[in-house]
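Here come two complexes built around chain A, the first alongside chain B, the second alongside chain C.
This part shows the complex of A and B:
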């Protein structure tokens, strides 16, 4: 289990991370999502001890993670922007990484075939998508307990994405690997993550089991006969209201059946539909709640 | 990996939770005999990869299917569809429970018994009652 406790970091005067708390259980796929420049990559780099925090601490399976702890050799980080050593092939890099990781030859060979990647091609001559696949193959062959994937699906085509998830699900289920995956493509993370942390301006706005999040945040659309005053609903926890013609679209937490009953007791309901809420819509609602995207 | 084949359809516009959608879909497959009695269901991992859904969600759906007697589990081997007749009876019982709820709420709305029977009649024989459009497809 990975825990990040009250982690804070300043770069000069700039508060890049503020009081970050993250809990990812063993065998979980954890989606770290957030606005551009919110500190996702910086958070991942703290886990890898590329950066040292000003405050707070990180533990893995109860052991504190610092630059001297042996536990880091069980962590593997695939960066967003990939740089490979000059003239290196994937095969050469695989043998080099044996110095640090418990590399599995068997997994390496299997994944090369599965993704159809040439291990003898110079990495820097590969396409962006091929580089991502090469880095992913290495990360799985390294058999980490904790895998950090920064924008890995970005630049992969639909077929390769499926293969990627297939391999990842297998590793998570068979070896209880913990995965932290960041992405801007929320459709890609929806329904596959166990848990999601939503970041904004260096803070975690919300961290929760994704299924639970979807149970909590609901959206309905309704219309009533006659005039409707939103004041009527002040006892409900409404996060967002949109009015299109005479149809109201509400995003709220709590029980939508109660809302329906409440409306029925006072109005003739012409329309009442429960709408689905995707991760993307939850994200927009949460960030809208702190004013993001509402600049004039 | 079975590329692009969708045994189970997940509708992202459906407000139902994903595990409930999987639950409904498996039942649909059983009753259309797309899944036969004693046939093995895809493993949690296979289905998770196939429809790109979290394995714990699949597990949850399978657990509910087992609790409600639609499937049975053989430890270490997998999940299997139960016997068809048994399932049919079970499903009729479940539908009866649903019907009971509907009638109860109609009563709560103040409808008299004869009015409810009239509605039932209308549903059973949509043509007899002035061509009221009852969606029976």
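This part shows the complex of A and C:
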């Protein structure tokens, strides 16, 4: 289990991370989502000890993550801006990384075929998508306990994305690998994440199991006979209100059945539907709550 | 997934990765040190030295390239995310570069062997190896301290030259001292500092290049320096946060560089113009230069023309410290400015205008000239150095010193060309040395103070010490006996025509008589004392008078002559001129 406790970091005078708390269970796929520049990559780099935090600490399976603790040997990080050593082929890089990890040759060869990647092609001459696949193949072949993927599916076509998720889910299921994925593609994460942390301006706004989050944040649409005053609903925790014609669409936390009862007690309900919310919608709602995207 | 003990395999891998560099370096070194000199049939030694310079550059570039992963965000993230601690990665680079260095040195040795050159050329290795090792470690240290590879290169050179920069700043303080405390010379202080306290010849291993064999100091100093730099590397690895915050990632080091670098330009200015611009103007200009240099350096390092409050604070504090150190040095020196030693405590003294002579004597006393296998008298004779050991002479020098402290002028003739550095040195019986350098101003008319100085100078010129050393071929019986000494008479405007060639034995008495007479009541005695005899007579004066010179030489065989001295026979040499008539 990966836990990040009260992690804070300043770059000069700029507070990049503030009191970050993250808990990712063993065998869980954790989606780290957030606005641009909110500190997702910085958080991942702290886990890998690329950066050193000013405050807070990180543990994995109860052991504090430190550059020299040795626990880091179970981590693998695929960064957003990929770097490959000059003139290296995937095969050469595999053998180089073999000096540091117990790389699985079997998995490597299987994934090469699965993604149809030429292992003898110089990595820096590959397309962006091929490079992502190459980096992903290496990360899986390294068989880490904690895999950090930063914008891994960014720029990939739908077929490759699907292949990525298939491989990842299989690895998680087979080896109980913990995966932290930072991504902007919330629709993709919606399908595979067990848990989500929403970041904004260096803080974690909300961290929850995705199912629970979806249970907590609900959307209903309703219409009543006659005039409706929103003030009537002030006892409910309404996050967002949209009115289209005579139909109100509310995003709220709490029990929607009570809302329905409340409305029925005061109005004649013409329409009341519970709508399912996607991760993207939850994300927009959460960030909207802190004013993001609503600047004038 | 489990990490193995992977240092050795990674080192081997790292060396293997160097194969293109190795190939290129081999071609460069062999081409320069073997092929080109062979084709040109040129001096192979010079080309070996070229090869050594190339080796230095190759190792330096390699170190920077290997450590450049610290300066690129994605590269850094890639390597730092691997289960190899930063310390191990740096050690790996150091080890790889050390092996690369050994390989290149071996190539140079092979070139020397193939060409059958004298192995003495490899003496330079005694200095080169420590330099290369230091460069490898300093490149790693500088890369850790910097956020940019070019800056890391610049910082490597800065760190390598740091002892020299400190020396420059010290010299800056000495030039201020020279201009504020009478008798103190920046050059003398600097010589003393370099020769006795701040031994850069040891630190840079320069002294071992010329035949000096490797000694215990070398064997101790080399590992001490390497360990010191390694400890700094270890310390800064622990403290490096890796975020790219500028050209230099440690604020402390940034200010250290800026403060020292901003002193280089004013120091260089002050040292260069110490004799031409008065101290007030010089300090004012130096302060302006320091402020400007600091601003430019900070603006460059911080990539902003807006200087931060903390940068201003650091500069002000540094300048206060610099002023305090300089002020204290001046205050301490002031306490000794009137010091004239008790003649009883003096073993030997020197007066003249040649500070070089004092350094030479010091070196002789430290056995630096042991290899020449000469006694002190003979050694001094070869260098035209005169010292005084006689009690009366030392007493007269002390008196003269007191007079100089009272009045820093001397009487001069109109055609005197104006050397005005007057140096007094005492070698004390307790082993210490006192050196003073006074800047004397030539003055006309003649004053009472001049008379006292001339009187004391006359006493010194008539002393046995002086004559025996300056005119050894006339006054040193030990030297004179058993030698074939001769004198050639020539006209000053016709050096090729020998008018007379006489045995000095015949001329000795009349020449001694003239010299004795000249020094008695000579109103130019003071100038005579601190300049070489007759030097204040220019060619015109000699031509105006008799225009004769006397060349003294020793006939070592029928074919060989050993030139000893030249005396300008002016009108005062009555007896000698009469002899030749």
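The rule we apply is simple: the second predicted complex is superposed on the first by the 295 of 296 C-alpha atoms of A that agree within 3 Å, B and C clash if a C-alpha of one lies under 4 Å from a C-alpha of the other, contacts with A are read in each partner's own complex, and residues count from 1 in each chain.
Quick note on the criterion: a contact is a pair of C-beta atoms (placed from the backbone, for glycine too) under 8 Å apart; a residue touches a chain by one contact, two chains touch by 3 or more.
Small disclaimer: the values here were computed from a predicted structure and weren't measured.
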Exercise for review: Considering only the touch criterion stated at the top, classify A:51 as touching first (chain B), second (chain C), both, or neither.
Suggested key: second
Practice problem: May I ask you to decide whether A:192 touches chain B, chain C, both, or neither, giving the answer as first, second, both or neither? | Solution: first
| Is A:72 touching the first partner chain B, the second partner chain C, both, or neither of them? | second
Task: Considering only the touch criterion stated at the top, classify A:82 as touching first (chain B), second (chain C), both, or neither.
output: second
A:165 in the overlay: touching chain B, chain C, both, or neither? Say first, second, both or neither. first
Shared chain A footprint, chain B vs chain C, residue numbers none
Chain C residues touching chain A in their complex are 1-4, 6, 9-10, 13, 72-78, 80-86, 241-243, 245
Seen from chain A, its contact residues with chain B in the complex are 29, 159, 162-163, 165-166, 169-170, 172-173, 190-194, 210-211, 214-215, 218-219, 274-278
Given the complex, residues on chain A that touch chain C span 11-12, 45, 48-52, 67-68, 70, 72-77, 79, 81-84, 96-97, 99-102, 142-145
Within their complex, chain B touches chain A through residues 1, 3, 10, 12-15, 17-19, 44-45, 48-49, 52-57
